[in-house]
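There are two complexes below, and they share chain A, which is joined by chain B in the first and by chain C in the second.
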Partner chain A sequence: MKHSRMNASLQSGLPPRSMADWVRDKTGGGIVGTLALALAIFVFALIIFGPLTNMLLWAVTERWYFPHTFPLQYGFEFWHRVFKPTGNAVESLQYSLMIAVFTVMFCLSLAVPAGYALARLRLPARALILLLFLVPQAFPNIPVYINIARLFYQFGWHGTVPAVVLVHTLHGMVYAVWIATAAFSAVDPECEAAARDIGAGPIRTFFTISFPSAFPGLVASGIFVFLESLDEFTGTYFVGAPEITTLPMLMFRAGMEGNYQVASITALLLLVPSVLFMFVVERFLRADVLAGVGR
Partner chain B sequence: MASLLSVQNVSASYGRQRVLDGVSLELPESGFLALLGRSGCGKTTLLRVIGGFIAPAHGRVLIDGQDMTSLPPEKRPTAMVFQSYALWPHMTVHGNLAYGLRLRGMGKAEITRRIDEILALLQLDNLADRNVTALSGGQRQRVALGRALAVAPRLLLLDEPLSNLDARIRLDLRHEIRSLLKRLGITAVHVTHDREEAMVMADQLALMNDGQIVQFGAPAALYDHPANSFVADFMGASNVITVDLAVSGGMAMIGGDDACPRREIADATLVRAASQGARRLDIRFRSVSARLSECGDAKTPAAAAAVAPGANAGLHLNGTIEQVTYPGDVYRHAVNIGGRSVLIDDAKRFEEGCKVSVFMPFGAFHLFPRIDEQSRAA
Partner chain C sequence: MNSSRFAGFLLVLPALTVIGVMFIYPLSYSFVDAFIVPAKDGGAAQFSLQNFATALSLYGDDILFTIVIVGISACLIALGSILIGGYLTLGENRFFVRVLAALYRWPLFIPFIVAAQCMRTFLAKNGLMNGVLVEAGILTPLQTIGFLDWRGIIITFVWKQLPFVTLLVAGAMAALDRSTIDAGRDVGAGRLRILFQIIVPQIMPTLIVALVLSIVIMMSVLSVPVMISGHSPTMITVEMAFRVNSYNDYGTANALGVISYCITGAIAWVYLRRGVKQGGKPV
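Right, the complex of A and B next:
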């Protein structure tokens, strides 16, 4: 049975059709194989969804302590506490959104011209400059941020929104520039030539042809920067704390104080834009742009 | 007549590589010129120099007598149809056509009227609001042409506009574009590597090779009187037989072996070339212009002449059939003549291995004397 199956597979010269087939082939098929497959799926699901489920449970828990497997009392008491006007969650949310929006604006205002210039550069130089944007990511984060924080203290910028925006921009630039470069690279230079040919000057050509063609990619780039800024913790902590409290910092503090309810609710709040924007990015970021990232 | 377009001694290079080498040409109003040549011959570069996308290293480009050499594309009265069409994907058909008109400050109502006119002209009615990405290849091609025509250019530049289309549509569009441009009286420069397309569409051909114009003239002139072996080859006379050439008593003597029996030809050009030292002669001809007849075991010139009466009306060669194929209409024979294989079409089928006599009437073949190393040494 097993041999005939293998022979058939060899003769047809094709790989097994799917993962399930592969597992079945390896285990000799039948009930054992199916059970092994089910177990594998269960383990993967647990790894992926386990922490999320735990977070969801904590978000609606009022009382839950050690020996009990599940919460003792459910309710939305902590949601009220987090969202009441005097609570610091609303303030943190405002800071987070404001900083994210400014970071996106600042990042894109640099990434659009940089991406356009890089997209029109020849390859070796372009690859080198793109690599250069990775450098801040290559060094250990904390020493870099500590040094930035020290500098900002000297200038008196520490604990201000612009300081946090600057740090987030440094962090987001790599996404912004890489994706913007890919977006502009996907614009056919002949389309720009056609506009010039028909009577548009170089600046008009950029704003009516190049920019609108690259727009979906630029939106995607902006979304990545927005999400990165929303999630950013280390830089904000060193440059912004204690004056600036963003959602991740609120979550961190709540978690450290053992206030898992508040931490979970904040985490859920952070999850919403991520999930929403992922759908948008998926629609906007065309495959040809994605294929060009980093080239 | 004054020229609308005048290209004067233009040279251009990509880095160290020279792609245009002293090209000059003149094109009158309402003329249709095809720049013809293999890829890399400089034809597209020349078109882009005329359009203003490439600055020439030397020379000038004049349109209506005005020097355009230093002007950017947007300041030139030219419009190009790109090989890739280069339609703007974020705009509708209307948006693509209206772009140039808006730049010229035309009113909204007038733009719509003008676009309707052009869409009707190109048989694209009802497609104005369609996104260009939702069009077929042929429709995109027409929109690209319409976009260029909409701005009423003095000179239309066509960069291999048909090369991305199916063979069938391509054949139709050749005639459509030609009759449309003739009707509108548009002056155009067309780049192509397709000889037939160039001959069907254009009034004038400029055959290019290695950055130079090899021959300039009407399609029939290049076809019937190619200036050299390269032109003859490109214009379809791709069969070539090389024979000996000598001069004797004011007559050119050619041939002298089994394949090409020795004979004399009263041709002033040949005599002059031979007396200047040419010792070899390329005979170039098309597959359709030679006729085959069976010569059995007869190999002597006299017998060959007897098989085909009127020997003085043309040239006789002897060969052996190597292969017979049938592409339709006629049989295509690969014939070995003195070690060179040539293709000859004939309505009658000759079997492989058959000895044949090849007859070509005068005027159906081209003679190009050659001064090669061997004859130069002599």
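Right, the complex of A and C next:
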């Protein structure tokens, strides 16, 4: 834009507005400026991808030790070791998937009615209720997990799958409720009114109109909760360890023991669903739903 | 209408119960437990500040360490998000804008524990970063240092949290009324000046909210400080877990917990006040 303005002033024979402006145009858009910018972005890319590349390298390394900058021998031997039927990873993967699926089911069974009520029915202190679901994110949560763990010890729930599912549900609740509320708010109220006009009851209207219309948003919130559960470490560490070894727990143990290959392969397993989700999230979460989150 | 209200309340109740049992109760319990010591002769527990005295005498350094780490990380994240968001809004080279927009959000969906594991091998004295720097002739093998201490924690926090804050900040910048920016341009203001004097004051409320959320997250993450630098001094998150796992000492752990609530609250308060002073709307 600046260039076109300057070209115009040159063509019309007028001098550029000021010398400083001219210099700024030169350095901002000139070759030196462009090269500096390209270098800065290149360094930024190295910072973003350096640690990830390191992990990818470790995942396919068979031998790598100091002072060698790169692995001496590549291969998939550790993948066989991790994925052999008696290996820890298979058990961890089963735990992780089972807990994540139960968490999504439990979380959504709570969030769908709550979201519908918050979006459609007259509720006293609606804003306050919405805020209440956010409060767990506003406090550092380690002391909370410590006391939940203590409570579960008393009831003998510590180290069981339901205990971990409950903790993950607490963690995922804000996403589930807020996105479900936004999804139901985005449903056109006139469609629901029309269904009621032709004689459908409130329950039938919900299952034939409101629920199907809000479904993509609910799927998005389910995926969010699934990924949060898959990646959750701190709560599982306090409430589930050592009996429940999810993938993050396995990764943590392998990493702390210095078994970088196993840790990196597990990390990769955790990473792939998240990165895939980054590319598809916009398909599930329409802009009008996204704009309504938290309202 | 009353029945509809009642129905609505019933529909929300199960979800609220989970929050109550799984969050409000344990949270209140941490406050109560921090101020109570069991009586020595087996009698009733009594009010005492003993837990805080223990926490301060054993972990005073760690509390300071935590404040410094979170403070520096938050400043770096704020600066980084303003610069990236600013370039995305004001940048004139459309190719670079697109590349930057595609680049910066990668760490957003990477779990903290994966980030910690990546950094643990990347930043070590004999890690890939130093290896490549030596290979490129920028460092000699004798000059390399490991970053697996407070610096490593800060680097990991910034790497992981910068995309989240930038996403919100860049969104707020994109939603700004362009006329003030164009007005600044017309009177000859440079891009940095437009960024810091016109844009930043207007997006201050968003930046503050994003930073406060980020700070709470940094105060809640156990994996990063444990995996990057678990030895003393370290962050109080690590010491809380240590107190419970090694000594079964919930009193001191809860006292540290209350201290961590206070740190978060204080930082949130300072940011809110600064935001108001700088002319941003109170949030």
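As a convention for this text, the second predicted complex is superposed on the first by the 259 of 295 C-alpha atoms of A that agree within 3 Å, B and C clash if a C-alpha of one lies under 4 Å from a C-alpha of the other, contacts with A are read in each partner's own complex, and residues count from 1 in each chain.
The rule is simple: contacts are C-beta pairs under 8 Å (C-beta built on N, C-alpha and C of every residue); 3 or more make two chains touch, one makes a residue touch a chain.
Bear in mind the structure is a predicted one, so any value in this text is a computation, not a measurement.
A.B. asks: Following the overlay on chain A, give me a clash-or-fit verdict for chain B and chain C.
C.D. replies: fit
A.B. asks: Have a look at where A:I179 lands relative to chain B and chain C in the superposition and call it first, second, both or neither.
C.D. replies: neither
A.B. asks: Should A:G201 be classified as contacting the first partner (chain B), the second (chain C), both, or neither?
C.D. replies: Only chain B is touched by A:G201; chain C is not.
A.B. asks: Which touches a greater number of chain A residues, chain B or chain C?
C.D. replies: After superposition, C is the partner touching more of chain A.
A.B. asks: A:L250 in the overlay: touching chain B, chain C, both, or neither? Say first, second, both or neither.
C.D. replies: neither
A.B. asks: Considering only the touch criterion stated at the top, classify A:F277 as touching first (chain B), second (chain C), both, or neither.
C.D. replies: second
A.B. asks: Between chain B and chain C, whom does A:D188 touch in the aligned arrangement: first, second, both, or neither?
C.D. replies: first
A.B. asks: Figure out whether A:F49 sits in contact with chain B (first) or chain C (second), or with both, or with neither.
C.D. replies: In the superposition, A:F49 contacts chain C only.
A.B. asks: Where does A:S213 make contact in the superposed view: on chain B (first), on chain C (second), on both, or on neither?
C.D. replies: first
A.B. asks: Of all C-alpha distances between chain B and chain C after superposition, which is the least, in Å?
C.D. replies: 10
A.B. asks: Show which residues of chain A both chain B and chain C reach, each in its own complex.
C.D. replies: Of chain A, no residue contacts chain B in one complex and chain C in the other.
A.B. asks: Which of the residues in chain C come into contact with chain A in the complex?
C.D. replies: It comes out as residues 1, 4-5, 7-9, 11-12, 14-16, 18-19, 22-23, 25-27, 29-30, 33, 92-93, 96, 99-100, 103-122, 126-129, 131-132, 134-135, 141, 159, 185, 188, 190-191, 213, 216, 219-223, 226-227, 237, 240-241, 244, 250, 253-254, 256-258, 260-261, 264.
A.B. asks: Within the complex, which stretch of chain A touches chain C?
C.D. replies: 1-2, 17-18, 20-21, 24, 28-29, 34, 37-38, 41, 44-45, 47-55, 57-58, 66-70, 110-111, 113-114, 116-118, 121-124, 129, 132-133, 135-151, 166-167, 169-170, 173, 177, 227, 231, 233-234, 237-238, 248, 251-252, 255-256, 260, 263-264, 267, 270-271, 274-275, 277-278
A.B. asks: For chain B, which residues count as touching chain A in their complex?
C.D. replies: Where chain B meets chain A, its residues are 51-53, 72-74, 78-80, 82, 84, 86-90, 99-100, 103-104, 147-148, 151.
A.B. asks: What part of chain A is in contact with chain B in the complex they form?
C.D. replies: 188, 190-191, 193-201, 204, 208-209, 212-213, 215
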